[in-house]
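Following this line, the structures themselves.
Next, two complexes with chain A in common: one pairs it with chain B, the other with chain C.
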Partner chain A sequence: MKQVKEYYKKIMLHYLRNPGEHQLYAGQQLSKSLIEKDIPPEDILALHINIMKENGYILPREWERSFQFLMEIMVSFGMAYQERQSLRLKKKQLESEINVAISMQKKLYPHTFEHGFHDLEVGFISTPAREMSGDFYYYTKHGKNKLGILVADIAGKGIPAALCMSMIKYAMDTLENDVKPANMILDYLNRLVLKNADPSLFVTMFYTIYDPLTSILTYSSAGHEPALYYQAKSKKFQDLNTKGLILGVDANVKYEEKAIQLESGDFIVLYTDGVTERKDSDEPDDNSILREAISSADLSLPAQEIVNHMYQHAIDEKNYQLDDDHTIVMIRKK
Partner chain B sequence: MNQLPFLVETEEKEKEICVYIHGDLDLASAPRLRETLLPLAEKDSRTLKVNLKNLHYMDSTGLGVFVAALKLRKIINGEMFLEEVPKKIQRIFQISGVDQYITIA
Partner chain C sequence: MDNNPSIHVYNEWDIVVARQSGRDLAKSLGFGEVDQARITTAISELARNIYLYAKQGEIEVSPVYEGDKVGIKIISRDNGPGIKDVMKALEDGYSTSGGLGAGLPGVKRLMDEFSIESSEGKGTLVTAVKWKLF
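Up next is the complex of A and B:
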């Protein structure tokens, strides 16, 4: 620090006696050292004034007072600048973390539902409200003849949520040859989330298992929105719901399981609450947005087109304001 | 629709603490509720009553604060009640199953 002060004094006095571009350039280079050494602006101003006084340069009283005023400004300026630099660094670190999480997350979602059952079709859509989605959807074969499909909503953001999603995905992959019922799968995932995920996280999930040999669809919910069942013959809707706490809160939860038998043309819709939420209404949210969309859809179209129609209807109703992630999965027996 | 301003107020009594929540509880405002509610849930043995009469909206981040408070209450065997819960908000506690773990008065 002493060397820096001496150097400042030298180039400044040289400039006063014989002003030239090279002293100004030297000053510019010196300012980089001052920043590297974290010397606040008020110290530089104090140094400058002292050098002037020590070398006999007298300031008129008003000028001296004006420098006292400037000193106060520089103290606050210095503190605000430091805080800004610190915030910029934190922001950069956060952005880098988010990019890692986004890149991790992209690899977790299936691009298609390759189930191999000729009498079943699946349509799906999932759009995040921000860079990272809290929604998750996945499928796995259970044994040779059953298909498990889940839709989940992870309450939490950033890398902890992406890690939780990754954990669920890999847990599902290990269940490929397992024939656990839907409620026992939720029980297993509940313990996994409780043990391994960030304590601030929890997960809602709707899990279904379809058996094409019997056309029976079993389902179990962990605090998730009810699935919407459409019966083609009667053209009626029914909510499918079971009791069960969100995953990751209590190890001793018992999850319920129920079943329905699908007939040709019947389908169920799994979704996340972003789709059916109506922020501008005081009434409890229900899935009337989806029922309206299905009632106005051409149900002879493929499942994917019907899903696209439901999604479009949902965002039209909200004037294209996506406040939350939107996920819809439709499972139809042909 | 404009977001309602978020406000948390507390009222301390001899045997209970009342917390009043106003406005929209979401990703942006949840940290403020967390700052007020979680220390009370963790350390104060008085009955904790949370009044939601003026809570207009709550998302999963907001629910997460109540879940965290519930976990902390369990550790110290403290009581926690939710009061005057609007129907829209009640549904969230019902669907999530949290209503089986938290007393809704």
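Up next is the complex of A and C:
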């Protein structure tokens, strides 16, 4: 601190004797050190006045008084400045906590999506619009043979959505040996979200369970986008949907369950509304984007590549402006 | 009357009286110009809090000695509504004069020692000390 004062004195006196841009530049560099050392403006003013006085420069009385007045003003600026410093520090701490939350959230998603399960092939992609995603996908083995897959969209994003997401993940993990049908699982999650999550949070979800012994895929939806079903033989598309309110709103909702039987080459696509929403156009927000993508895809490729193709098509449509989380999961019977 | 002048704060003018009292004492104790300004600002903020929120209270300024240290002590006392959440009131950004860096967090930074007792309905007591640097 003393060093800085000495330096201030040196540059300023030099400037008084030789007023040049060089000294002013040195002053500017010095001010950065002063700020780094958290020296408040009132101290700088006092320093300045003292240097003048100590080096034989006389201050007329009115000027002296005016500086006393200015000193009061500077103290207030100093207080505001210090508050800002304190808030900057707080912001850094919060950002650091959020980074931890982000890496914890990443661990909630399945590491490998078991790209093969009996005669099923699965491909998936999920990209967040911002740092923390509101989309969730997960798979659970039910009993010995069945595979459950969910895709969900948690309204809210950020840390609240991540907290809700972790609750859902752990709930699904406890259902591993359970053989509840898809609609009962939604019922269970509905009451869970209602009980535990903030009223402002709600969740849409599509749940499917596949049984390789029968090739039957059952499904149930809680206010989620319909799944897209492609039949290989007829090359026809169909939307799969069931009645059921989004999770976390009404404890008395009865979820429906429906079933289809998959044949070789058939697949369904689960997705979140970020993928199909067309914001600026008059076209409806249906899954025609995905239908178009599939129609132009080489279906002999692995499911993962077809998913990548669908994703690419969707973001091309939007001119790469991703304003929502995007998730696509494809489940195909080999 | 006493070595510890106690100023009754009831209207805005009393804030000025409290400031003057603090500045006079600080000057007599040998505090430099900048510290005089800081001490006076701290008194001003505390007195203003009394005036704005408690409607009336007391400001007391007195010298303090500890070993060969010399300092000034400010006590602000009122029977006003009190502060419900003191911890929050001391946080930056929450103060009613947020963005200005003023209020209680500001006073805490201007002074060297600071303590506060307050609860809802029970008034507020703030004690702050600034030591003279040689």
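Just so it is clear, the second predicted complex is superposed on the first by the 233 of 334 C-alpha atoms of A that agree within 3 Å, B and C clash if a C-alpha of one lies under 4 Å from a C-alpha of the other, contacts with A are read in each partner's own complex, and residues count from 1 in each chain.
To be clear about the criterion, a residue touches a chain if its C-beta (ideal position, glycine included) is under 8 Å from a C-beta of that chain, and two chains touch if they have at least 3 such contacts.
Keep in mind that this is a model prediction, so the values were computed, not measured.
Chemist: Name the contact category of A:Asp282: first (chain B only), second (chain C only), both, or neither.
Modeler: first
Chemist: Go through the superposed model and pick first if A:Glu72 touches only chain B, second if only chain C, both, or neither.
Modeler: So A:Glu72 only meets chain C here.
Chemist: Based on the superposed arrangement, let me know which partner A:Val329 touches: chain B (first), chain C (second), both, or neither?
Modeler: So A:Val329 meets neither chain B nor chain C here.
Chemist: First (chain B), second (chain C), both or neither: which does A:Ala46 touch?
Modeler: second
Chemist: With the two complexes superposed on chain A, say which partner A:Leu245 touches: chain B (first), chain C (second), both, or neither.
Modeler: Only chain B is touched by A:Leu245; chain C is not.
Chemist: Given the touch rule stated above, what does A:Ile168 touch, chain B (first), chain C (second), both, or neither?
Modeler: The answer is neither, since A:Ile168 touches no partner chain.
Chemist: Does chain A have more residues touched by chain B or by chain C?
Modeler: B
Chemist: Please indicate which partner A:Asp153 is in contact with in the superposed arrangement: first for chain B, second for chain C, both, or neither.
Modeler: first
Chemist: Going by the contact rule at the top, pick out the chain C residues touching chain A in the complex.
Modeler: 32-34, 37-38, 40-41, 92-93, 99-102, 105-106, 109-110
Chemist: In the complex of these two chains, what residues of chain B are touching chain A?
Modeler: Residue list for chain B touching chain A: 1, 27, 56-57, 59-61, 63-64, 67-68, 70-71, 86-88, 90-91, 95-98, 100-101.
Chemist: State the interface residues of chain A toward chain B in the complex, per the touch definition above.
Modeler: 134, 153, 155-157, 199-202, 204, 222-226, 243-246, 249-250, 253, 273, 277, 279-285, 324
Chemist: Would you pull the chain A residues touching chain C in the complex into a rising list?
Modeler: 42-43, 45-46, 49, 68, 71-72, 74-76, 78-84, 86-87, 90
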